[in-house]
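Dropping the structures in below, format is structure tokens.
Each of the next two complexes has chain A plus one more chain, namely chain B in the first and chain C in the second.
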Partner chain A sequence: MIKTNSVLDAKGLACPMPIVRTKKVMNGLEAGEVLEVQATDKGSTADMKAWAESTGHQYLGTVEEGTVLKHYLRKASGEEHEEKKHEKVISNEELLQKIEENQKTIVLDVRESAEYAFNHIPSAKSLPMGELEERFSELDKESEIFVICRTGSRSDLAAQKLTAAGFKQVVNVEPGMSQWNGPTKKSVNE
Partner chain B sequence: MTLNEMTAKEVSKKVINKAELFILDVRNESDFNDWKIEGENFEFLNIPYFDLLDGVEEIIDKIPANKEILVVCAKEGSSIMIAEMLSEAGLDVSYLKGGMKAWSEHLEPVKIGDLNNGGEIYQFVRLGKGCLSYMIISNGEAAVIDSTRMTDIYVDFADSIGAKITHVFDTHLHADHISGGRKIAESANATYWLPPKDATEVTFEYQPLEGGKVVTIGHTAINIHALYSPGHTIGSTSFVVDEKYLLSGDILFIDSIGRPDLAGLAEDWVGDLRETLYTRYRELSDELIVLPSHFMIIEELNEDGSVAKKLGELFVENHGLNIADETEFRELVTGNLPPQPNAYQEIRETNMGKITPDEEKQREMEIGPNRCAVR
Partner chain C sequence: MSKKVAIIASNGGLFDAYKVFNIATAAAATDQEVAIFFTFEGLNLIHKVANQQLPMPEGKEHFAEGFARANAPSIPELLSMAQEMDVKFIGCQMTMDVMGLDKEAFVDGIEVGGAVTFLEFAKDADVTLTF
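Let's look at the complex of A and B:
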């Protein structure tokens, strides 16, 4: 089960309606929120991808359940332009090396659960940004924690919050999953 | 201003008459780049419909005022929406009824000529996919060759001229389109002929079509001589009809030659292909009119929309028939292969009767251009 902020039922609708409706719902979402679109039009997958690319939204993936296609999209957030503040950082390559050397390296993925579902580092733990504070207790304050997101921006904020809460060895991963070349895993069947 | 519907048949007429048309194709860029309506005097603008949801103002000045305008999408829904917006903005526009789906499925019958004793031969031009199929008619009997899956068109056409379909042929096991041969044969109680070497894995009954076999249509003997001509597939068979027409299947086209790799055996079959084109075909009369199963480019169409040319002319003009050096020929044919047709493995399995996809799936499998030739 993939968590989303909103679900749009576009089942039974033919092109162009799935996209027309998606655009409307997307307009009402906050930046960074995730939408699940349920459609039965087979052409909708290609159109969702192309539409997202042309508008700057993130197309995360599609899950096929019987005749229903569930598309996952994340509203454009403009996060890339924010200034990063957490001092301890590590590059993707260095993190990959650490994981290869030590399977127990703690990687905390703070992206939305739908983003994580379609593409994540196999050993990474999913803890979406919005749930971070209420789930601090799942983490050990003394351990080294590598925080990752898509571009290094949300993880920067998460790293600051963790540090302020008393976590001693928090490192932000830059640039993050958007450029990750190491092994990845999916937790959904596409 | 006005909003009209244009049918695939009307677009076909414009292609054949080389008329002018401005096509606004609102599908994805990748779909457009892969496959579109082709016409010698057609102009194109590709802007996906989802980029126009907020209005068409930005593209109005890219659309010529003095040309007929056709909006095209995959199935018609998006093109109606965009055409309505353009119409509200003051333009006279049409949308393609049924979209590219209808375009892919439209067949335009063109009479090729008369045969001895009152017979006739027709070519069914599938402009949207470059597929050609044939009907030979004589004395109330008809034969269909290399039919598409739009079987009603042949059955209705035969009905309309009072002929009964008695024989159905496929020149080879097709990899680019789903054959309607078996379905027509079953519904008309006709004999279905297939080259046995292409039919080793088929799951249904057929009559083995072998070189030297003669099938007669009508009592007045329109003879169809089968000529074994391997190369595109191992079983590929050509037909000489009425000693005048050479139905060359996917072995020889007007401007190109068949590709030998769609069953995964390019290296093995390139020799057969050369043997067929450079030896067997050379023994035939130069006067035979070549009627292939495909065309690749719109320039291959004759004035009347048919695709046909004398064998003698092809020996002079077709590059694929003029490569003296065998090594060079091998390199052209195996080293220059275009991308394989969409879903060609599944199409082959469907034509063998191994899988039975529903109509929507079949349609999807056939999307895109045919890619049966090397040039």
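Let's look at the complex of A and C:
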């Protein structure tokens, strides 16, 4: 079960209806929110990918459950243009090296759980941005924590929040998962 | 900037209607600006009465079952969806004159124009299709 902000039931609908409905629901979502589209139209997987590609939204992946295809999409957010403020940063390559040297390196993935589900660093812990404050207690204030997201913007904000809350060694990973070349894992069956 | 899709609909069968409206609604749902020029038999697709009962090609009537099984939306449904998403419908004035039809015979919200009206839209279109 992947957590999303909204679910669209497009089961039994033929092309182009799944896309038309997706477009409508997406209009009502906030930037960065995640939508699950349930469809039975077999062409919908290719269509969702192409639709996301041309509208600028993020296609996260598809899970097949019996005859139902569950597509996961994240609304475009324009987050890439925000100015980054957290000073301690590390590159993807440097982080990869640290993980290889020490398997216990703490990597905190602050993307939405649907983004994490389809592609994440095997040792990374998922803690979506929206749940960060209420779950501070799961983390150790003295440890070195590497915060990662898709492009380095959400993780920048998360790193600032953690530091303000008294965490001593928080490092933002730039650019993040969008350019990650190291090993990854999925926690869903496609 | 959004892309532009220009479509010419010049045939009046049920299959033609699906080709035209499926592409048009899919394009509109993908944030593209769409205009359809309905000419000659293509006018049936937006004719209030005719578009409720568009004919299948001869010998293909058995596909009716397949349409029902696939739960394909009806043509009037697709048409209103296209209009909701601001697809522009242009009826060909010349054909309407030849057939003795006026604007009232067609669904609301269409524009009536000549070839130049369509060409003006199509001249910088990214995709142009003829059905």
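In the analysis below, the second predicted complex is superposed on the first by the 190 of 190 C-alpha atoms of A that agree within 3 Å, B and C clash if a C-alpha of one lies under 4 Å from a C-alpha of the other, contacts with A are read in each partner's own complex, and residues count from 1 in each chain.
Here is the rule we use: a residue touches a chain if its C-beta (ideal position, glycine included) is under 8 Å from a C-beta of that chain, and two chains touch if they have at least 3 such contacts.
As the structure is a computational prediction, the values presented were derived from the model and not from experiment.
Asks: Mind checking chain B and chain C on superposed chain A, clash or fit?
Replies: clash
Asks: What is the contact status of A:K23 with respect to chain B (first) and chain C (second): first, second, both, or neither?
Replies: both
Asks: Which partner does A:C15 contact after superposing on A: first (chain B), second (chain C), both, neither?
Replies: Both partners.
Asks: Based on the superposed arrangement, let me know which partner A:W51 touches: chain B (first), chain C (second), both, or neither?
Replies: Both: A:W51 reaches chain B and chain C.
Asks: Considering only touches as defined above, state whether A:K88 meets chain B (first), chain C (second), both or neither.
Replies: neither
Asks: Could you tell me if A:R135 is touching chain B, chain C, both of them or neither one (first, second, both, neither)?
Replies: Neither: A:R135 stays clear of chain B and chain C.
Asks: Classify the contacts of A:G43 with the two partner chains as first (chain B alone), second (chain C alone), both, or neither.
Replies: So A:G43 only meets chain B here.
Asks: Please identify the positions on chain A that touch both chain B and chain C, taking each partner from its own complex.
Replies: 14-17, 19-20, 23, 47, 51, 54-55
Asks: Which residues of chain A touch chain B once you look at their complex with the stated criterion?
Replies: Chain A reaches chain B through residues 14-17, 19-20, 23, 42-43, 46-47, 50-51, 54-55.
Asks: With touch defined as at the start, can you tell me which chain A residues reach chain C in the complex?
Replies: For this pair, the touching residues of chain A are 12-17, 19-20, 22-23, 47, 51, 54-55.
Asks: State the interface residues of chain C toward chain A in the complex, per the touch definition above.
Replies: 3, 22, 25-26, 29-31, 70-73, 81, 85
Asks: Using the touch rule from the top, collect the residues of chain B that touch chain A in their complex.
Replies: So the residues of chain B touching chain A come out as 28-31, 48-51, 53, 73-75, 77-78, 81, 360, 364.
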